[in-house]
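Following this message is one structure expressed as structure tokens.
Going in written order, the chains are labelled A, B, C and D, and every chain counts its residues from 1.
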Amino acid sequence: MKKTILEMNAITKFIFDEHGQPLRGTTVKILEDVHFDVKEAEVHVLVGENGAGKSTLMKIIGGIIPADEGEMLLDGEVITFAGPRESLAHGIGFIHQELNLCLNLDVAQNIFLGRERQKKLFIDKASMYTEAREMLLRLGFDIDPKTMVRDLSTAQQQIVEIVKVLSYDCRIIIMDEPTASLTKSEIDKLFAIIHDLRRNGISIIYISHRFEELKEIGDRITVLRDGRYIGTVDIEDFDYDKIISMMVGRKLGAMFQSSHQVQDEVVLEVKGLRISRNTEPINLYVRSGEVVGLSGLVGAGRTELGKSIFGSRTYYGGEILYMGEEIGGLHPSNLIEKGVIYLSEDRKLEGLVLDMSLKDNMTMASLKRMYPKTKIDFKREEVVAQESIDKLNIVANSVEQICNTLSGGNQQKVVVAKWLLTNPKLLILDEPTRGIDVNAKSEIYKIIDQLASQGVAILMISSELPEIIGMSDRIYVMKRGAIAAELTDKREFIQEKILSHTL
Amino acid sequence: MKKFIVAMLVLVVSFGLFAAGKAESKGPEIAFSLKTITNDAFQKAIADSVEAAAKAAGAKFTLVTAGQQTAVSTQVSQVEDLIAKGVDGIVLSPMDSKAVIPVLKKAKEAGIPVVLVDQTIEDGNEDLYLSYIGTDNFNAGFVAGETLAEVLGGKGNVLIVRGANGSSAGDQRVDGFKAGIAGTAIKVVGEQPGNWANDVAMQVTENMLQANSNIQGLFTASDVMLNGILTALDNAGKTSVKILSVDGSDDVKEMIKDGEVYGSMAQFPDVMGTKAIELLMRAINGDNMSDVPKYIDSGTTCITATSL
Amino acid sequence: MSTTQLLFSEKVRRFVKRNGSVVIFLILAIIASIFVKNFFALNNFLTIIKQAAIPIIACLGITLVLMTGGIDLSLGYTLGLCSITVGLLVKGVGLPIWLSIFITLLVGLLVGFINGILVQVVKVPAFIVTLGTGYIIFGIAQIVSSGSDINRLPANFRAIGVTNIFGLNTTVLISLIICVVMYYLLHHSTFGRSLSAFGFNAKAARMSGIKTERLNISVYMICSFLVAIAAILLTIRVNCAQPTMGGGVYTFEVITGAIIGGASLFGGIGTVIGSVFGVLTIKVLENCINLLNVSYYTYQAFQGIVILLAIIFENVKNRRL
Amino acid sequence: MKGLKISKKNLLIIAIVVALFIILGSLIPGFLSIKNLLNIVRQSSIIAIVACGMTMVIIIKGIDLSVTGVLSFCAMVNGLLLLKGWPIPLAMLAGLAVGTLMGLFNGLMVEKLGIPAFITTLVVGNVGGGLALLLNAGKSIGGFPAPYVFMGNGTILGVPVSNYIMILFVVVTSILMSKTRLGVYIYAMGGNETVVKQQGISTATINFFVYGFSGFCIAMAGILLSGQLDTVHPTQGEPYQLDAIAACVIGGVSMLGGEGKVYFALIGALIIGVQRNALNLLGIHPFYQNIFVGIIIIVIVALNIHQKRRTIEHSKIF
């Protein structure tokens, strides 16, 4: 029996008001009486819907925020962390979900930030570079420590982040969805790393929504729901449906449903579009009432294609026909009027205005349609927003709530609500379910299906093969900025087959 | 690096254009450095007269201004530039009585004759310039003070609208004015800076009037603020206030005619200009300058309705 | 505590939060009324309002610009240029008044357009663009005026600004109208909404179908347009057109007003009421300094300290409330 | 290897500058005289020293608008003490201390109250300016001890002392920025403040240091200037506020923070100096000079940015 090194009892965290002050005495709580423990040399997976409180719990362990109530024991002794530095000093490392790097510094500087190697007064760059290079190589990544992080791909940046944390010799490492933006091969490397970390007696707290991963690396799984502790199961008696039901509090029907009918009318047709000077031209089409999956590795150019269509990126030649009409280079506002919309993969930077309220964000794309005379009708706005909140059951205390106080899943729903209000005819969805929980996922799948059955044409970019396979009527696979394959026969929709095209 | 190359080229080309645009003229080159000629009728008048005289004497004329009323260091570096350029003579209206001394020493080393106009420098540096032509600001203020005292019969409340803080000319004029009214029963009930600007002058006047409605006289350090001050008084229905100012610009003459302003201390820019150039040309032509007095008073008279 | 009370206190909290400058203004005004002789007088208040009316117009302009996360350092010089322009046209050239004003406003729009284009299209930081255009505009103003000012403007021209309608002169009324219009624009129209969105997150705003390019340029044009109006009124007020009117000092005073009014330099946030009272606060301060006849050298330091206090209050409030 | 690369860079810059000067020289009589060139550097030294601090401030996404006031105030303090007969080093120390303190105050406002640097520095500047006037009733002071004036106006081996001081500042600052932890942290803070916090690096230290240092540089500039003029004028700081910022930005310091090198800020300062000097030598009418200065600023920055955009474009994956 491994011994428990970290234990958390009766942890409670209240929701904040808009100035980050805890609102005591309210019934709604982020965490309520949560128990959590980590044994030596185990991979403890933490699952739960968005807003279930996973990230908050981890932030408490990581010393980023304090718990309002409850106690935390490290090696049996009660402990509180004043800041991330302290928790790190106690051997707890935190790999964050969103990247925490300085883009304007190079790899080595980022890895050693805060504990630079010194030679007398000055920093010893040479040795930092060599050390950094060694670390990277040891973990099997060939990245030049001298390169600016800005110039790395998202995946590479994620790796730097991981290496950075690993470089502190920690006993416990928290990984908050580390694989979100990694490619298959990179994920395999990461798992290899995790395995020998465990072998070396290091414990890992692993948050993920990808169940296929859990089996591979997990020892125990703890489930949170609505800020409450639901239970912990060993991986041996892992059961998909059981976990799901623990997470959502009820058995989930089939995740994917397809009630929609593909029609003949071609809504979107892309002819010979190049997303950069030296890539092959792209040809694809989407029909009314059709869900077309766009698969491929991160960096294969899927997002670039989406943005090119949505007038948010310069492309090189080719035509984009919407209902037979050239829409290339049009401003997003005109496209939205025509019923073309693009849901960005980057919720925080391109999807939402985090500092504005739910209703402001929801109505943002429909301002012109809702108020042709430019005078805002606040009453109507409130009604509309409230409807969307109910329809997508978004967890929020009012339509006035500022978006950056919402959980990731709810933020994503706000974005979806925004686009639904524009009643689109062509939806380009870029990772519509990135980093959101099973329940929210299935809801979004439902919405997609409904839209399709209303005759909306949908182009869905996704890295999650199950959802591509489950949702799509047709699948394009992209590779190095071009279409590598088109799969029309549902019988071909098999993970292995699709992967083979991507690699 | 590319950006620097391009940047430099931009510089070069633009300079090229300017240089090409300039017509080369024979004769000595004379430069005039002063604070600013923008919105300062008096300074502009001096500049115009210097330019006219220089052109008349067949010299090439260059004007440099510091732009702001108090940018002393700018003036200094500009004069340094002139020395480096090797002009044959400099007319200087110092913005500060001390700050220009080092650069004047440099001019002396470079053997460039300098004539001071309007403003002078610290005593004990007479060897640094041929002569100082101007009226002493203190005196102008003093006369204004006396005149006002006389008009008001030696009693009453007056306001003072100063120049910009830190401008020695303005300060001297006000100090002179206070000396001028000293010993009379005239009380200075308000004194605020108008920053040589009409809008500021107007605002401070309005506010001072709120504090003291009983005003018989007002002194301002320069004509350039009169428009604002008059409007303020006018709005407050104070038409009988006796106003004295310094400069004697053309604008103020109108106002005096119309009885809006009682008087202004006229100085004589034309005298300064012509005299300064005359001296410089002599020096340039190698005459013996030992006979030239170090201080030539260009005179002050108080323009009033009667003297017009 | 009953819900209505709660709502009320909530309302108060919100109001103070949104319009801190109103509170600052009241505090200052009360203090002044007690300690400053001659301050608490209708006549004095009217004076202050007259003095504030024009800067308020410019301040509303800069508020818009600040909301985009930009800034306009050329504001003061634009004021000078427009002042001399209208002066020249009305008196120098002798054009009909309506035409002179029309042209002056066009000049304002043009300046704003150029600033906007440089910021939006050439992508030079607003700080630098307007720093540069400031120099240029000042140069042009000096050239057209050849350095001299134009005073004693025709009475029928001045009438536009100085005619009295029940106690308030037209300048104040014009300023009032502009405030109302701006209030609608900023707080009740899609324009204001889009502006905040753009200020907070330009990318998201654009991808939500807001024509951010057009928006950004238009904001600079509106700002300079308002400045042109301010210039005309100020010229009328002091009865003198001069290229040095305004200047850098004026720019910073107006910006400070907006900041006291709670506008954020990082974009997104800004209110009409806030900015209006921001300017009023400054004017009350200057008024008191003059009434007290504070020594003219203490003036600057004194003013600076009080403004600093105001801004500290503004920020502390944002955190506590 | 790396060192070599850098020296190459410098060589290139030098080459360009030389080329530029030759062309300008051919256009402008007297421009190329050693005297004039040293003269330009001397005039630029004030801007350059202020720019040292300003670069740091802008890198952490701040701005320092207190130059005008603080520069005058510190010089005034130092000057008055000198006239009171204090030994030069002590008087200078006092001046520098005042500047640093005012800088630290800015840091305090930014760090503890989250007041935007723009506004706190602006106001602190006003207060400083007011005090500068107050200290000596708005009058300028002068007649300082010879060694002091020598610092501003004298030459060693034919090169003005000011230039040595300027070089010292630039070198020290750039070593600080590129070779020390603090330097890395300053860049880091400009790049991503949250990371800096998470690494347990105190942003307070950085803010205090950066604004304090900026105040220090401003004070030094003020003192040096009063040495050059053998005078302290209560508003002598006026021209340097915007020039210093312009110098940084022309030198490629990004207003968005995180990027910039002190060396380039120096070049920016020199560009401004050269331009002013050349305009004066060409005898261009003051009215047109303004227009010219404005255009130069915008054009050069526009070019910087265009350049950056291009490089980003190229760094795309495919």
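As a working rule, a contact is a pair of C-beta atoms (placed from the backbone, for glycine too) under 8 Å apart; a residue touches a chain by one contact, two chains touch by 3 or more.
From a predicted model like this one, the values you see are computed outputs, not experimental measurements.
Enquirer: Touching both chain A and chain B: give me those chains, sorted by label.
Expert: Shared contacts of chain A and chain B: C, D.
Enquirer: Mind listing the chains that sit against chain B and also against chain C?
Expert: In this structure, the chains that contact chain C and also chain B are D.
Enquirer: By mean C-alpha coordinates, which chain is most distant from chain A?
Expert: With centres defined by C-alpha atoms, farthest from chain A sits B.
Enquirer: Using the touch rule stated at the top, which two chains are linked by the largest number of C-beta contacts?
Expert: Ranked by contacting C-beta pairs, first place goes to B-D.
Enquirer: Based only on mean CA positions, could you tell me how far chain C sits from chain D in angstrom?
Expert: 31
Enquirer: Any idea how many Å lie between the Cα centroids of chain A and chain D?
Expert: Averaging C-alpha atoms per chain gives centres 44 Å apart.
Enquirer: Could you check chain B for residues that touch two or more other chains and list them?
Expert: 37, 165
Enquirer: If I count partner chains per residue in chain D, which residues reach a count of at least 2?
Expert: Those would be 133, 138, 286, 290, 292, 295-296.
Enquirer: At which residue positions does chain C touch at least two other chains?
Expert: Expected reply: 142, 147, 297, 299-300, 319.
Enquirer: Touching pairs of chains, all of them, please.
Expert: The set of touching chain pairs is A-C, A-D, B-C, B-D, C-D.
Enquirer: Quick check on the complex: what are the chain B residues that touch chain C?
Expert: Result: residues 37-41, 44, 162, 165, 189-193, 195, 197-199, 202-204, 206-208, 210-211, 224, 227-228, 230-231, 251, 254 of chain B touch chain C.
Enquirer: Across the complex, what residues on chain C touch chain D?
Expert: Spelled out, the residues of chain C in touch with chain D are 118, 122-125, 127-129, 131-140, 142-143, 147, 252, 256, 259, 264-266, 297-305, 307-308, 311-312, 315-316, 319.
Enquirer: So in the complex, the part of chain C that touches chain B is made up of which residues?
Expert: 37-38, 41, 43-44, 47, 50-51, 142, 145, 147-149, 151-152, 234, 237-240, 242-245, 247, 249, 286-287, 290-293, 296-297, 299-300
Enquirer: Which residues of chain C touch chain A in the complex?
Expert: Touch list, chain C to chain A: 184, 188-191, 193-194, 196-197, 200-201, 203-211, 213, 268, 319-321.
Enquirer: Please name which positions on chain A make contact with chain D in the complex.
Expert: These residues of chain A touch chain D: 64, 83-86, 88, 94, 100-105, 109-110, 113-114, 116, 118, 121-123, 150-151, 153, 275-276, 278-279, 299, 301, 480-481.
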